[in-house]
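What follows is a set of structures for review.
Common to both upcoming complexes is chain A, partnered first by chain B, then by chain C.
== the complex of A and B ==
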């Protein structure tokens, strides 16, 4: 359990750093580290498929997309973040943590554990066999993303 | 197992808080998207932790994989929009988008 708590702490720390770093490149790399920690946590929770997805897609692909965007927009893009937002964050976060811990402590033991039979089958069956029309929706989402990027980077023709 | 689940959910709530704070307090468009990413990490942690605690890990993994696919699609589209906004306005400041023309 100690490893899990260290990983969860690192995840929250790197996520906060990703928000608070003024340098966008450092922020993107902190986000990648946070994803890496989350991926390792998923492996420890015996969820290897989603762990592999988290590390390869979120820590890899999305970080590359962020870094390409940062490079194309010439670093900071002339934006001044408000200084108040940086020093107010620890106060708000500490307040939130106190409330969070109090609520979670009060809830432990009050919510009855739902009895559940152990799962049978494989991950492939859960991913493909138990689902029907939502797969069409997922394919639609992927296609929408592809066509949106193509439409947004469309070049104007010379005769227009 | 129950107390471990509350620990995970507590940390997931902290991640959602950090993401929401980023969305509310930051002005850079890329920073806003990093906020959305942090928020989605909290959601996926909550999904997998609940599946782990209730021994429904396979279905939780299937939902989370779907969620990650949707997340990538959203990020790719949003970053393309951000690049176009930068080309149009020369800045990534969200406040510049409130000035409408036409």
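== the complex of A and C ==
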């Protein structure tokens, strides 16, 4: 229980940091940590499917894409960023919590509990055995992301 | 065989950067077009034979070891695969000349191939999470393609599209998660079977609402359409054609139809909601199109309006309604791709998309003008072109179902459609030639060749509509209306191991 609370706290903390950091690199790394905590939580809650995807895709591959993209951008000193996120985010977060609690309260008891065997197996079994074909989709998303970076950061020709 | 529809474009996309190092233009052109020729040949020559006895299931294996993965092809997915391959081939032929001035052709083709792989994957899977995955494959590639020109407007349109599309994906994913929680399964069959035994109307209603919101956004149905009039005109013309002609239909209409007819079952309430969404999109977008001065923006609003017709037909849920909806889906894919490609030819020759600056271009660009007339009349529903028959079938289905008010609105919206398409003709191609365009020339060979083929297809599908409907559309509509139960129950399916 203590471990779960620590992980949940870390998840919220790093998620908030990902939004509030003005440095994109720090924001991307915070997001990766948040995903890692979420992935571990999924494993602890006996959901290796989701844990495997969360860690492999969000914490791993997406972070690599973010960092590659950030590395391709240049620092522009004169860009003025809005500080609205500093006050909009807490308001949005509070609103979300209120709505979330209200919706969950109305759903509890109305959604019947599913009688399913607890998911078992290791990371490998979840990824390679049960959801094999999802890997093709993941490869597609990653390829699309890589080519998107290549397309958006390509050098324009002189005659354009 | 079905796996190649996903694997071939993905593999070639991965190889294109290397090919691009050897040859910047010619090899990427040849390789990409060859992929679409192969896919089209497979869909047309082998597909129908494979599903002649009913839906075919392809179990995947890896060096003889069976994998826990399969793809399903029925007449509906085959119709979509053939449409995607045909339109993509013609768009890719058009791109040979058109994309020359954008630079980095290999990257462009790679993204286009990935988008097509995503669409092909989406129509072949029977698992809700995989629907989401392939939706994202196509979407991520399309965000980059919309911004491909790298100008301010394109980047802004792409960002807007990304934000709204991400919201749509979030709703779809949330709904999938709730369904997984309710039924313990992600496959169409498992979820459909689970829902039959459940007494959870509130939760199922919530999932349906989220799916309508998500897929409605992807299909750009009014009131979820805000992103499309920016994104589609901003993209390079071949991508506008692919987005309007294919992507909104596959990631919006196809996914919506599959989920609601194959998984949930079309209830009277759902049917009414879809019909109202369809009719509102049809009328509102047609009225908005009338006020546009930008050629491509007018076409974008027209896409929303025509998707309204498709959703109206499918939402009606009768065999004739579904038939009309599917036929209009194919017809609109051809005609709208043709019109967007022609708008690209005009923009490339004149440098503008403003209809008021054009005038008399028909004298300088006779092929473009001629094919634009064919595309416009086809979408407006003028006989004997393909759009006439599909609209007629939808209207007849509405009348047959006693939905007179919807039928009347569909006829009136068609008149509005004809009106704004005649405006395009008058402002861009007819009248006195604007002196500015005295030196304008007809578009290059591959651009005109692909639009001529699309125009001929619009005419041919209209003249041979009976043959087209019997051989392609009717089996697809039957697969949706009745064969779906066979897919769900796992009965009467032929298994292939690949």
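Keep this in mind: the second predicted complex is superposed on the first by the 90 of 160 C-alpha atoms of A that agree within 3 Å, B and C clash if a C-alpha of one lies under 4 Å from a C-alpha of the other, contacts with A are read in each partner's own complex, and residues count from 1 in each chain.
What we mean here is this: a residue touches a chain if its C-beta (ideal position, glycine included) is under 8 Å from a C-beta of that chain, and two chains touch if they have at least 3 such contacts.
Everything quoted here is computed from the prediction, not taken from an experiment.
By the document's definition of touching, of the two partners only chain C reaches A:154; chain B does not.
Legend: residue contacts after superposition of the two complexes on their common chain; A:83 is shown touching neither chain B nor chain C. With both structures placed on the common chain, the touch criterion links A:58 to chain B but leaves chain C unconnected.
Touched residues of chain A, counted separately for chain B and chain C, are more numerous for B. In the superposed model, A:133 lies in contact with chain C only, and not with chain B. Using the contact criterion defined above for the overlaid structures, shared-chain residue A:46 touches chain B, although it does not reach chain C.
In the superposition on chain A, A:141 makes contact with both chain B and chain C. Comparing which residues of chain A touch chain B with which touch chain C, the overlap comprises 107, 111, 114, 116, 130-131, 134, 138, 141, 144-145, 148, 152. Contact residues on chain A toward chain B in their complex (touch as defined above): 1, 4-5, 8, 11-12, 15-16, 18-19, 24, 27-28, 31, 34-35, 38, 41-42, 45-47, 49-50, 53-54, 57-58, 61-62, 65-66, 68-70, 72-73, 76-82, 85, 88-89, 92-93, 96-97, 100-101, 104, 107-109, 111, 113-114, 116-119, 121-123, 125-127, 130-131, 134, 138, 141-142, 144-145, 148-149, 152-153.
On the side of chain C, the complex with chain A involves touching residues 6-7, 10, 13-14, 17, 60, 67-71, 101-104, 107-108, 110-111, 114-115, 117-118, 121, 125, 127, 129-130, 133-134, 136-137, 140-141, 143-145, 147-148, 150, 178, 181-184, 198-200, 202-203.
Taken together, the chain A residues at the contact with chain C in this complex read 106-107, 110-112, 114-116, 129-134, 136-141, 143-145, 147-148, 150-152, 154, 156-157, 159-160.
Those residues of chain B whose C-beta lies close enough to touch chain A in the complex are 1-4, 6-11, 13-15, 17-19, 21-22, 25-31, 33-35, 37-38, 41, 44-45, 48-49, 51-52, 54-62, 64-66, 68-77, 79-84, 86, 90-93.
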